[in-house]
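Each structure below appears as structure tokens.
The following pair of complexes shares a single chain, chain A, combined with chain B in the former and chain C in the latter.
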Partner chain A sequence: MDSTYLKRIIKTIGKENVITEYEDRICYSYDGTFQRGIPEVVVFPGNTGEVAEIIKLANIEHIPVSPRGAGTGLSGGSIPEAHGIALVLTRMNKIKEISKEDLMAVVEPGVITGHFHQEIEKMGMFYPPDPASLKTCTMGGNVAENAGGPRAFKYGVTKDYVLGLEVVTPTGEIMRTGGRTVKNVTGYDLTRLLTGSEGTLGIITEITVRLLPKPKDKKTALVYFDQLKDAAKTVTSIIYEGVIPATIELMDRVTINCVEKYTKQGLPLDVEAILLMEVDGSPAQVAEDIQIIEDVCKRNNCRNTEIASAYEERERLWKARRAVSSAIVQLKPTKISEDATVPRSKIPEMVKSLKEIGTKYQLHLPVFGHAGDGNLHPNILADKNDHDEMERVEKAVGEIFQAALALGGTLSGEHGIGIMKKPYLQWELGEVGLNYLRAIKKAVDPNNILNPGKIF
Partner chain B sequence: MEYKYQDILKKCSRCGGCQAHCPLFAETGREPYVARGKIELIENLQASNIQWNDRLAEIFSTCLLCGSCSENCPNEVEVVKLVQMSRKDLMAARGLPIIKKNIFQHLLKYDGRLKTVGKLLAFYQKSGVQKLARGTGILSLFPMQLAEKERILPRISGKAFRDTYPDETGLKSPRLKVAYFTGCVTNLVTPKVGASVLKVINSNNVEVIIPKQYCCGVPALASGEIGVGKFLAEENIKYFKDLDVDYIIMDCATCLSTWLEYPELLKSQDAEHLAKKVMDINRFLIEVIDIKLNPPQELGIKVTYHDPCHLKRTPGGKSNPRELLKHLNPNYQFVEMALADRCCGSAGSFNLTHYDLSQKVAKHKIESIAKSKAEIVASACPSCIMQLNHSLQNSGSKVEAKHVIELVAECYK
Partner chain C sequence: MDSTYLKRIIKTIGKENVITEYEDRICYSYDGTFQRGIPEVVVFPGNTGEVAEIIKLANIEHIPVSPRGAGTGLSGGSIPEAHGIALVLTRMNKIKEISKEDLMAVVEPGVITGHFHQEIEKMGMFYPPDPASLKTCTMGGNVAENAGGPRAFKYGVTKDYVLGLEVVTPTGEIMRTGGRTVKNVTGYDLTRLLTGSEGTLGIITEITVRLLPKPKDKKTALVYFDQLKDAAKTVTSIIYEGVIPATIELMDRVTINCVEKYTKQGLPLDVEAILLMEVDGSPAQVAEDIQIIEDVCKRNNCRNTEIASAYEERERLWKARRAVSSAIVQLKPTKISEDATVPRSKIPEMVKSLKEIGTKYQLHLPVFGHAGDGNLHPNILADKNDHDEMERVEKAVGEIFQAALALGGTLSGEHGIGIMKKPYLQWELGEVGLNYLRAIKKAVDPNNILNPGKIF
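For the complex of A and B:
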């Protein structure tokens, strides 16, 4: 990198906020995938003005910039694949405003999602998006990737809560989109365009989100099924009855066996599926909903049902689900976590296809995930040092995507396209769709500065 | 790095979950200082993309070995082992810093010399012959102000604890017999803790032997000087293996955790056998002795408890010290504080080599202690207690850090 350019960056944001040593830069070459790209420099701007300044400089020198939050992404979105600058937004981590009157909050992109949850819940409010990495991941990253989570079934995903943004454009200007109101149809909906744009269309420097009142009560049910199809039917029946649980999590037999081997909590090993469901709302509503769920489960031949309302008891029921991640890596160390999503009614067919793909390529492929919104997480367990196996993984992943698309689903429910799913994008969008994306990108980023090579 | 460590490495998925639990990441916000960054660097070292150099030495020395990351890791990556083994590789590639080499090779391996240095240091501190220390240049190796260095250095006791007490206490018909591994800090810095242990144990009709012993080896092991660590472990095993005792008790959580690693380090049956007898003093008093106390006065002094990283993950490591403190009611009133099990930032010599960062980590603890309104913070690891007292003084607090056993001993005349 040109040393005069580096000097200008250092002058803009201070020496202590610029990393140039190779060993340190290696630590910004990764995210939650096995993709890598070592940046030439890592910068930690402290405010919007500094971000804009860096982007302007990058445009003069034609240096690519990859925005980054906590680096927990699962699609390679923040990997500095084109080297250049890794622009880390974690220093911009202030919660600027929480308004109970307007039910909204304004945050900087580096605010940690879990920390934001705590702060607003103290005030009796609720922000539903809850990606699994919430203790670490940032609000900016959540918006850039349009993150979801188990509560998406009832409450939707990040885009359903973003009201407005402040963005540094790919050419270094500062722009505001949306605002503080739920209703806003002024101009194109740029807020939605930027939410899920994976750092290619702008750098998010401030986020306005809407909030909900915190639900007053919660109940959890853990239900065992001898037949997977009965579990799947239960999910559809519950919705038929007009109950929308906050979460419906499914675990298949392979997953249950792994968890039991690991936690020894006494799960039955001969069941084909476990459903973990949580309802929230007013105490009366929750009581009624859980009763309906229990009845539906019984009608659908469940083996037995455990119900809990106290926090400790609910946590006990969640224990199996929370142990899944650690349990399955006991099979093989490298976990390839996919998030192909299908319409809810197609879950049984998708599970069947996944099993067939696993057998065909002789891979460990436990299935668990958010059954309520069709966002199953097929996880392939492999060993990244076993090249033959990794080749089979690649083929299996391709087939998983084909299966999801054939069922009317999508490549990615919540992880994003990034680098990982880029080769498959055309299957879903077609040439016309891809060209539309390319045209937008070219119009706003003529020098191809922001996160080049991502998505398409 | 040995093969089994490869398996640990492979488990890390780079999910970044460690960021939420690492006290050093909380202060620095930088990836090289969190487990995932170090693991990426280890893999790059193994692939020969990078070689050990000053920067890597600094990065790998910047870890408290507190294990919070592993404890919360979904894949249970054993980060402490990886960092220790990396320090070993670093040492093999570049050697130890001169100061540490001298300490390990010439002091720790000879109990007598360590004592002599202790006496010199005590003389220095009492007589104020500052030229002595300034002249040797030892203090200049640590990056902080001279005044700070002199203040954080432990106030060495003039006489080593083990020299002031007989090897056996000689009870007539004791209900149990234990060997006491005192650890270096109790021996050289806080003999009062040792005296408290003896008083409490004897009062419960348990015979105590204080055998010849060496440093447990942790300063060497944590720095990657595995050879010296093994030597010390073997010496200790030698002096303890033929004793006819029911338990080996310790007041230091760090010594305890090191002893628990002896079997893996030495792969000997003796080590395996002895590690089973090792027991923290709190656990011994609660679980074995089932101690009954008659606290003397009704003062109701509020006491809170700090979990040493090395104790909290052992069986009953969290519950027993608290249980013991509750036994001191009404003399002492136990209050729980927030972040009780967060690392205090001491981490052996980390508080000397990374003074500012260590104090930043401690600050959270000091704030928690203040919020608890406790007048005393009890703990069960002498080095945590030294760090806590230093940081409390820094913040102008009147709270004092003490070993749990010191408070228990007050119940006995």
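For the complex of A and C:
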């Protein structure tokens, strides 16, 4: 990188906010996948004006820029471009405003999601999106990737909560989209276009979100099924009865066995599926919903049902689900976490296909996920140093996507495309769709500055 | 229009599906506003392929095309361009698929929304978006304008229900966006970009929507307030208590007086506001919610509360709200219906500003609307033949928008920009935002074929 250019960046944001040493840059070369990319320089702007200055400079010199939050993403979206700038938003971490009256808040992109949850909940409100990484991940990253989480089934994903954004465009100008109101049809929905655009159409520098009042009551049910198809039928029946649980999590037999080995909590090793469901709302509603859930589970041949109301008991039931990621890497250290989503009614077929793919390529393939919206997380555990195995992994991943698409599903329910799924994008979108996306990207980022290697 | 070109259209879709006579073309020159535009020709394609053919031809000859549903829109979005083609989607009116298991349906754009509601409700499901014009308007038009309705407060708007689209692009190619799944982060969110794009980025030829199970119970409350600020405080308090009514409709004193004159149903003429609220859900939930509503209303000095459970009684309470549009045009025949939305807590200030604007310009200005999301419908009743009055109307409309924007609101909660609000778009979006929109439009519609006079 031109040293004049580097000097100009340093002048803009201050020497202490620029990293150039190799050993330090490595610390910003990763995300939640096993991909890597070492940037030329890492910068930490302190406000929107500084972000805009850097992007303007990048346009003059045609240097790629990769925005970054905490680097916990699961699709490669924040892997920096080699010879590019990693632009880290974590210094911009203020909660600017919280309004109980209008049930909304304004935050900077570097605010940690879990920290935001705590502040809001102290005030009797809640912000539903709950990605698994919430103790570390940032609100800006959540918007860029349209993060979901277990609560998405009832409450939706990040996109359903973003009311407006402040954005630095790929050419370094500052604009606002949306606003402070829930309903807004002014112009095109740039807020929703930018949410989930994985840092390719703009850098998010401020987020306005809507909040909900905190539910007054909550109950959790842990249910064992001898047959997976009964678990799947239970899911569709519960929803059809009009009950919308806050979460419906599924764990298959491979997953359950991994978890039990790890936590030794007494899970049965011979069930085909566990469903973990939580209902929230008013006490009357919650009591009614849990009763319906119990009835439906019984009608669908469940082996056992445990219901918990008090906080500690509910946490005990959640323990198994939260241990999954750590438990499965005990099998093998390289975790390829997939995210293929299918219509709810196709869950049994999808799980069957996944089992067949695991057997065909001789791979460990636990399946768990958000059964309520058909968003399964088939994981492959491998050893990245075993090249033969990694070749089989690549073939297996391709077949997983084909299976999802064949059942009317999609490549990515919540993790995003990033680098990982780029090659498969055309299967789902078709040439015309891909060209439409490319045209938009080219129109707003003529110098191809922002995250050039992502999505396309 | 070149007669060779006309011949090619006729060859593509059949003579019986093309209108050229002036008297007939006039019938497609209107929408729900008082704007007019007489197209050169009106065409009625029968399938997606025919739509694509016509758009391809339009690109060769650089002829503007205005897509159209039932022509009931409130922003001028479907007013045809003079010297252009009005492309009417009403022949494509099949409900292609309804899935109880996956709670989704696939429809052609010409399906009438009210008719779709009936089919779905027969099966025990429901599709929440309920624009006032639902007996006539089409699903395609609803998507193009991201239509809302009274139920939007609890259930959201059209955009919250569209899972995927089939679209003919402005250059005449066919693409699909989204899919059949609730969660999808593949590529950019073209589904949400196109929803509400008012026919400028593509023509919608098929829509996949998600459905909900029908709520088991419903109760309606009609409440009178001596002071508007008490009604507004009631709204925010109810929501803060965690009750999310399906609808919260507000009517001000001018509106009430018009309605009572028209329906003679015994409404009080000296109250400042009426709130009409409906809660739905399980019987236990509904009973609890209605009790909370009654308590909050009493705490906020309501004069009177009527609660209805049975269908006929609820319909009687709704009668006043449904009569509003017809009642207010008794004042004067030209209805300019505005849609400025403000944060909920700002409703009293906005209504005060509206009163002041009405007085300043000596105009009839009843105010009613969806108080739950701050989406007010200030209406101005005038006589379009009175030029002085129409000049005052134009000034008043500008001040209404400024008032909304000053309170942190938006120009349009649900009606769209169309022709009517174009001049004000820059106030809300700023130059950078407007350029970003224009760049997108230019990228996907290089020949500026689709609805060239709309939005920009």
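Some notes on this structure:
By our rule, the second predicted complex is superposed on the first by the 455 of 456 C-alpha atoms of A that agree within 3 Å, B and C clash if a C-alpha of one lies under 4 Å from a C-alpha of the other, contacts with A are read in each partner's own complex, and residues count from 1 in each chain.
Simple rule for what comes next: a residue touches a chain if its C-beta (ideal position, glycine included) is under 8 Å from a C-beta of that chain, and two chains touch if they have at least 3 such contacts.
All figures in this text were calculated on a predicted structure; none of them were measured in a lab.
Which of chain B and chain C touches more residues of chain A: that partner is C.
In the superposition on chain A, contact of A:236 is made with chain C only, not with chain B. Residue contacts after overlaying the shared chain place A:343 against chain C, while chain B stays out of touching range. In the superposed model, A:309 lies in contact with neither chain B nor chain C. In the superposition on chain A, no contact is made by A:402 with either chain B or chain C. When both complexes are overlaid on chain A, the residue A:384 reaches chain B alone and has no touch with chain C. Of the two partner chains, neither chain B nor chain C is touched by A:17.
Overlap of the chain B and chain C interfaces on chain A comprises no residues.
Listed in rising order, the residues of chain B touching chain A in the complex are 7, 10-11, 13-17, 19-20, 29-32, 36-37, 40-41, 44, 49-50, 53, 55-56, 59, 73-76.
For chain C in complex with chain A, the touching residues are 99-104, 145-146, 148, 152, 157, 159-160, 169, 173-177, 179-190, 192-193, 195-197, 201, 213-216, 236, 239-242, 281-282, 284-285, 287-289, 341-345, 370, 373-375, 408-417, 421, 425, 428-430, 432-434, 436-437, 439-440, 442-444, 455. The part of chain A that touches chain B in the complex is made up of residues 19, 21-24, 26-34, 44, 70-72, 90-91, 112, 114, 133, 135-137, 325-326, 329, 333-335, 383-385.
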